[in-house]
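Structure, as structure tokens:
Naming follows writing order (A, B, C and D), and every chain is counted from residue 1.
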Amino acid sequence: MSAHYLDKIKAFQQQNENRYRIVISCPDQPGIVAAVSEFLYKQQANIMESNQYTTDPDGGSFFLRIEFECRQDGDTQQELEQGFRQIADHFRMEWQLVRVRHLKKLALFVSKELHCLQEILWEYQSGNLMADLAVIVSNHEDARELAEAYDIPFHHIPANKDIRQQAERQQLELLEQYDIDTIILARYMQILTPVFLENYKNKIINIHHSFLPAFIGAKPYERAFERGVKLIGATSHYVTSDLDEGPIIEQDIHRVNHKDKAEDLKRVGRLVERSVLMRAIKWHVDDRVIVYGNKTIVF
Amino acid sequence: MSAHYLDKIKAFQQQNENRYRIVISCPDQPGIVAAVSEFLYKQQANIMESNQYTTDPDGGSFFLRIEFECRQDGDTQQELEQGFRQIADHFRMEWQLVRVRHLKKLALFVSKELHCLQEILWEYQSGNLMADLAVIVSNHEDARELAEAYDIPFHHIPANKDIRQQAERQQLELLEQYDIDTIILARYMQILTPVFLENYKNKIINIHHSFLPAFIGAKPYERAFERGVKLIGATSHYVTSDLDEGPIIEQDIHRVNHKDKAEDLKRVGRLVERSVLMRAIKWHVDDRVIVYGNKTIVF
Amino acid sequence: MSAHYLDKIKAFQQQNENRYRIVISCPDQPGIVAAVSEFLYKQQANIMESNQYTTDPDGGSFFLRIEFECRQDGDTQQELEQGFRQIADHFRMEWQLVRVRHLKKLALFVSKELHCLQEILWEYQSGNLMADLAVIVSNHEDARELAEAYDIPFHHIPANKDIRQQAERQQLELLEQYDIDTIILARYMQILTPVFLENYKNKIINIHHSFLPAFIGAKPYERAFERGVKLIGATSHYVTSDLDEGPIIEQDIHRVNHKDKAEDLKRVGRLVERSVLMRAIKWHVDDRVIVYGNKTIVF
Amino acid sequence: MSAHYLDKIKAFQQQNENRYRIVISCPDQPGIVAAVSEFLYKQQANIMESNQYTTDPDGGSFFLRIEFECRQDGDTQQELEQGFRQIADHFRMEWQLVRVRHLKKLALFVSKELHCLQEILWEYQSGNLMADLAVIVSNHEDARELAEAYDIPFHHIPANKDIRQQAERQQLELLEQYDIDTIILARYMQILTPVFLENYKNKIINIHHSFLPAFIGAKPYERAFERGVKLIGATSHYVTSDLDEGPIIEQDIHRVNHKDKAEDLKRVGRLVERSVLMRAIKWHVDDRVIVYGNKTIVF
């Protein structure tokens, strides 16, 4: 594979030299937008996109995502953060300021089925996924060739329920070594322990091959076939310690009929999985997804 | 409401004076289609539409639905049935010959939410539902006005879990009195007992307000809201003694997002329910749905 | 039909006693959101929902819709407008302040096909359309019965290309008499002259029975059938003097196949028309649609 | 890329050693199905799937596709054809008997945009496209690397409107050399002359990046953006000498909104193009698509 896509990433970073995102969660009260927009105005920031949501106007939670461009050159992130702290403290905000050119570092965990990995690599190569695909981790060797074709480090770490702890130790070391922000379980098919999860809260994205909460657990296509459903689905969600119960980011479905065997459901389902996971990843790396309780807001 | 739709039904019956459907299920073996089509050819029947399906070419089940027109005038149904019996016996068929102009008699069971009833009445009035809406039954009075506007007999039979047996006795009497073929539970919201069900096997169609098997049971929209799903669904199925577990006829979904409250999910869901139930009813009255095991074939 | 829905409207108005919407269009420049939100904060207004969009961060247009609740009782609309005028002038805004409890007055124009009218009436009656259905106008008598069932004034004004001017004069008088805000062409099937249109710019909503710009003009379903398309669509748009070329508000499609005749396309298409027009009307009465150039922003 | 997919193809061929498809078009008349099924029964053929369609029961055209398995081993195709000729002549059939294990030979024509090519190669490699990808032809060099990764011969033939004749001569030679059945224009972006087309009637499949007949011709995404549509589509069709007017095989759409620029429409559209073209190709290689007039029947 040629590396033209690295040029696309560089071009993106140059275009977004002075662009930032601020993502805020706090108790709702009057004056938040006024304070934040006043602050940005004084910084001579140009607001490119702004989204907000209040769960309940009477004492609910407030969520805000603003993408803006600063006029000044250079690295103003620190100044922005210092200036904003006062507002943040006043409104008791959880907040994050992200410089757009600082791409998120992703680790891709896969197993033997590679269609989701391939979709990610492809969108990456097409310049549609602005992230740093830092490492591919698998408990099988199947993805090695693909990883090498894209010049992405590949690590084979055997994993199954008997050696789970040992495998996770190795994985955690790797994640630290590569300074990973977000883990994508692109059909990884192994359960992760709470110890592993606590280090990456709302930072691990899974694709489940059913329309959750239908067919939680193993072999969803086989069970969908047995049940005789007329639509096949896929769900992308953040991973929590409750299997398949984490906050849902995106779902989609495809129509099937009585002629489709379990094998056909799998084949059709793979297309749904690819597009659902891909949308979830893009929204995540663009900081469009906010978790509250066990749900997501997607701006 | 004016009764132009009765004219549409009459016109339909005249156009289909000589039209029949034969629906067949039997163990798969070579020669079935040859025998049936030879038979129809000898009857000078003109095949309008034919659909078939084999679950498994090696020893599976075979399903066939043929819609055809006989050249002869008059009531040839009896002759056709007599002639066909030999073939049917030879291949050990379950079969049914339906004269298209003999409309199915439907009983509509409703409760307080009337959107599904209204959709059915509307499609009926528009000449899109070729059935005989013989009676509307409810445990509430809300639908009376609508029933009267369409000149359909309305019976108020109080029902709840304490008086279930008594209510069902009254209902069964009514169904017999009106010579009912098929019962539509258009958001009826009461459980039916096995005694009731055994009289109408694969003849009771329900609409469940979720994408089954997700959110089986009560309050699916509230639970969908709690779970934070991104798609809202509805499922139409034949009723069996296992709650919400009967053979699925049709399903569909509509996209929702974090801004939608439980009340919004209900509102959007009602649109999905209307169209899903309507499609299921139309396919059923056209004899397009065949139940095998706990699944349906929809031709 | 019983008039429970009038109770629903009253309840809606009481709940929204102090609720307003402000909708703004202006040249983009820094400080707009800061100024507007500061203004609302000083009015002790609680922002319920806010949406904004910039066509182009470099010298484009800026659009903002805020729904908010004022703490004070009584009619504060005039005060709000007076207070806001200074900001509006400064940023050269086109703007509109709407009190939510003041429902828009709609005139429904229909012809012989009544499915869209029926959907509107139904959603109205279900409490899902918060508008004042002031009058139904038709060049045929078919809708009279339905109008009377809902106690909505019905006016039969014959119209065709030979008596267009005379018909429009009568219609314009009626519209004035009923103080109409918005006209819904719910399959009206007559062309309106520029004279008529200029009085209701961006206030006349049409449903076209195709996926525009495919099949502009007459008989779209017949032409879709001839072309052998695999999807049938409908488009709701504001009416301009260019036939079927006005700003699109909403579109949707439904899958069809080779078995569907032109008559089937019409039948399926009617379902799409109903839902597409209904969504467009709801967004319009909620002031969610902003026209810029020949496009719409839908917040 | 490893060549496991060649194993999948071999396995498919072995499983389908004795499997055939017969595809028939003829004037409708009674007795066709009886004759064909009687013939197959006498051959001891086991019917796996059968689909039929009549455009108009009164003097229309009849279409039939049967997939069946012969019990005998060895190459019985010639015998079947000889035996069937009498029936075919009697009913004036256009017909084709295809042995399933004889894969269609495809030539893929591409230009600079490679997303459709990549989808095809991927589905091929996954064992989901049972065809022989014999050659990739392009007027640019961009696809060479990808072709080589899959060990598919790549030919660079410069083409533009000035050298069209010369280019087509070279292409036709290549097609003959590789014994090509079907040409896939996977975003080839060059017009083909009638001379070229007449050799491959209903054998050239194109993907047009709009919901035809909307946005016929060049730059459909730009024009969709200008028009402000709310859905983006793609259309796969057989190529005829009327630009973008050939028989439509498949169409699909994806929802967009006012925030999407022309560039976003392209990005979203590429996903629709990929899946629409892929479905069309699969149906074509499975002999599921029959052209009649300017339409297709898809069984």
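To be clear about the criterion, contacts are C-beta pairs under 8 Å (C-beta built on N, C-alpha and C of every residue); 3 or more make two chains touch, one makes a residue touch a chain.
On a predicted model such as this, the values are computed, not experimentally measured, just so you know.
Visitor: In terms of touching chains, how many steps apart are subunit A and subunit D, taking the shortest path?
Guide: Steps on the shortest route: 1.
Visitor: Farthest from subunit C in C-alpha centre terms, which chain would that be?
Guide: D
Visitor: Mind checking the centre-to-centre distance between subunit C and subunit D? Centres are C-alpha means, answer in whole Å.
Guide: Averaging C-alpha atoms per chain gives centres 43 Å apart.
Visitor: Between subunit B and subunit D, what is the separation of their C-alpha centroids in Å?
Guide: Once rounded, the distance between the two centres reads 37 Å.
Visitor: Could you list the positions in subunit B whose residues touch two or more of the other chains?
Guide: In subunit B, 49, 259 touch at least two other chains.
Visitor: Taking the complex as given, what residues does subunit B use to touch subunit A?
Guide: Going by the criterion above, the answer is residues 53, 211-215, 227-231, 233, 247-253, 257-259, 293-298.
Visitor: Which positions of subunit C touch subunit A when the two form their complex?
Guide: Spelled out, the residues of subunit C in touch with subunit A are 30-31, 33-34, 37-38, 40-41, 44-52, 54, 57, 69.
Visitor: So in the complex, the part of subunit A that touches subunit D is made up of which residues?
Guide: 1-2, 49, 115, 118, 122, 126, 128, 145, 149, 259, 267, 271, 275
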